[in-house]
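Next, two complexes with chain A in common: one pairs it with chain B, the other with chain C.
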Partner chain A sequence: MTPGALLYLDLLMMGLMLVLAVGALYARSLRHAVILFIVFGLVVALVWARLRAPDIALAEAAIGSGLAGALLLAALRDRRRGAESAPRSPAWQVVAVGAVVAGLVLLLAWAFLDLQGERANGPLADTVRANLDVSGVSNPVTAVLLNFRAYDTLLELTVLLAALLGVMSLGPQRPPMDAAEPMAAGLIGWLIPLLIVAGSYLLWVGAHAPGGAFQAGALLAAAAVLADLGGRREFRLPGQTWLRLLAVAGCAVFTLVGLAALIGSGVLLQLPPDWAGSLILLIELFATASIASALFLVYLGGHPPSWNSREGHPDA
Partner chain B sequence: MPDPATLYGLLGIVLAGLGVHAAIVQRDSIRRLLAINVMGVGVFLVLIATAYFGPDQDPDPIPHALVLTGIVVAVAATALALALLRAFERSEDE
Partner chain C sequence: MLDALSLLLIFSGLAFYLAGTIGVLRLPDTLCRLHAVTKADNLGLGLLASGVLLQLSDPLQMLKLLLIWLLVLAASATGGQLIARHALDERPDQRAELPEDAK
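Here is the complex of A and B:
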């Protein structure tokens, strides 16, 4: 593509992002706002692909737009009261806050442009490239996530687990959905196997191409959410106890590998180069299962109904 | 011709600003959550724009890993916030 055509594409996507963001933030109806937010997420995924960040594009489309959208739509459905009941801010406040924020944006833009002048590929990126052959994978993003900065990823899995614990302690799950209409049910029946195959492929390919545990986990979670939305209980998802065990497994295996590395090399999470590839695959396998079940349980929105009978009897 | 990294970076700042504005001005909690999410996308866009060095050079993988982590943390936080909201509205109804 010629540079000129690419510039038009850039301007088109930037304009779309702005319009969709304004729509998602200020649309009169909350339902419209949520739907525009989902579309916004999809355009953002295109922009990530444009900026040569395909790993993030995949994650954004599956998590940032897909699952966040499902969560928001489910939250909308839970609301019994009118979504428009909240009072609107008076116009003078809108303008005053707008002026302050505009000042902030100009200040940040000035700082950003100032930094752009002296920007170069940082020394850290060179370090990553120089050490890529001892990381066990050839996709630099996976190398950073699961080897060089494995600590961050372990903590990220912990954050996800903490959020899940929070969601489960706040109330019961939503009641299951009714069976979908024939058209939707047929479509769901086609989509779920596709999602499972695509998720497994992304997990495997993450070592040397865009993909990895997060994208794969998100796709598997999407398959489970679809099955739930369609009321298709015959897909025999793992039971709730299994889902909870799987949700913890990612953190557990990651920590165990990290501790084994501590015993072997004296440094926590320092993977031995000869084993790094296999160990990363092992961690990613469990992380995928963990992310998929955590995201699905979070979507269900609470603890299983069987826990209610035990409420008030903490010893039971 | 302007550098795409600069253009997208500036757009990220504008999106973050829009998010801050809506988070303050809007009164509905779900709208505020949307605003915080748009704010997050703006921040991610600035990060990825600084990692982009044109079509001929590989991008910097470190901001990419950071944003990937950020997306998952953002959706976890959104889910927790929605569950808190649901519990809050349920307690109000009772």
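Here is the complex of A and C:
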């Protein structure tokens, strides 16, 4: 596509992003606000894709828009009857927030234009490229996420666990669905293997092209949700105990690898170049299982039965 | 010429997304909203993918894009069915209004 045509697309997405953001903030009802927020996330994902960050785009679409949106909708459904719409803000607040947002927009515009220039190949990108050989993978994004800046990814996994704890404390698990009618059941039988293959592909391809544990985990979780919605018990989804163990496994393995590296090299999470490729695959494998379990648990909702019997618990 | 066609397809795709979004915002219940979102997203994604397809030169990448669209089509159709079923389970009054062979 010509640069001119791309400029129109960029302008359109920028405009759309602003309109959706304002719409989400000032929507008539909370439900409208949540839906606009979900759409906003999808547009942001497109923007990330245009900034040549397809990994972030996929994660934004799956987690920022999909998961966060589902959580907000669930919260909306379960919330006790209260005020239907948010109270109006005073005028000075609207003006102040508007000024701050305008400043941020200008800052972002400046950053975007600046990145278009010669600094797109700045010192950081050069450093990553120069050290790609010792990272164990050939996709620079995976090299940064799981080797050079492994801290960030470990913390992201921890944040996911924290979010899961929040959802688990909201209420008991949803009851299982009855078996679906033959046509839907047949479609599920086709789709679930496809989703598992696509998820595995994304996990594997992360070493040298866009993909990785978060995207793979989202697809596997989708397969599990389909199986549950269709009441297909023969897929033998793991029970709550196993799901919870798997959800923690990603963080645990990541931390263990990091500690082993600390013993070996004296620096936490400093992967030895000879082993880096295998270790990254190991971490990604467990991270995928963890993310899939965590997302599925978020869909199932619900705390362990033992929480119900605890004295003073709201559900007791 | 190819660029113009690409842009046309992508913008038509975006229009379908817009229509679907308005449907989700405006339509009264889960079943209607599902109708809006599955129809619009399937066609919207198809048009978007065709628009991007014209910009590619590698047939393997084109095939991949096509497969992604087909996977989303299948997943969205199945997901739509299942969510509708769930919604009907929670609203027995709506199930009663369905034609006999759809209950």
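Just so it is clear, the second predicted complex is superposed on the first by the 212 of 316 C-alpha atoms of A that agree within 3 Å, B and C clash if a C-alpha of one lies under 4 Å from a C-alpha of the other, contacts with A are read in each partner's own complex, and residues count from 1 in each chain.
In the analysis below, a contact is a pair of C-beta atoms (placed from the backbone, for glycine too) under 8 Å apart; a residue touches a chain by one contact, two chains touch by 3 or more.
As the structure is a computational prediction, the values presented were derived from the model and not from experiment.
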Exercise. May I ask you to decide whether A:V44 touches chain B, chain C, both, or neither, giving the answer as first, second, both or neither?
Key: first
Quiz prompt | Partner chain in contact with A:A179 - chain B first, chain C second, else both or neither | solution = neither
Quiz item: Who does A:A198 touch here: chain B (first), chain C (second), both, or neither?
Solution: second
Self-check item: Partner chain(s) touched by A:I188 [first = chain B, second = chain C, both, neither]
Solution: second
Exercise. Mind working out whether A:I35 is in touch with chain B, chain C, both or neither, as first, second, both or neither?
Key: second
Exercise. Using the touch criterion from the header, give the chain among chain B and chain C with more contacted residues in chain A.
Key: B
Self-check item: Residues of chain A contacting chain B in one complex and chain C in the other
Solution: none
Exercise. Name, in rising order, each residue of chain A that touches chain B in their complex.
Key: 3-4, 6-7, 10, 14, 17-18, 21-22, 24-26, 30, 33-34, 37, 40-41, 44, 47-48, 50-53, 55-56, 59-60, 63-64, 67-68, 71-72, 75-76, 78-81, 83, 86-89, 93-94, 97-98, 101-102, 104-105, 108-109, 112-113, 115-116, 119, 121-122, 124-125, 128-129, 140-141, 143-145, 149, 152-153, 156, 159-160, 162-164, 166-167, 170-171, 214, 291, 295, 298-299, 301-302
Quiz prompt | Partner chain A, residues of chain C touching it in the complex | solution = 3, 6-7, 10, 14, 21, 24-25, 55, 71, 74-75, 77-79, 81-83, 85-86, 89
Quiz prompt | Contact set on chain B toward chain A in their complex | solution = 1-11, 13-22, 24-31, 33-35, 37-38, 41, 44-46, 48-53, 55, 57-62, 64-65, 67-69, 71-80, 82-87, 89-90, 93
Quiz item: Which chain A residues qualify as touching chain C in the complex?
Solution: 1-2, 5, 8-9, 12, 32, 35-36, 39, 177, 180-181, 183-184, 187-188, 190-191, 194-195, 198, 222, 226, 229-230
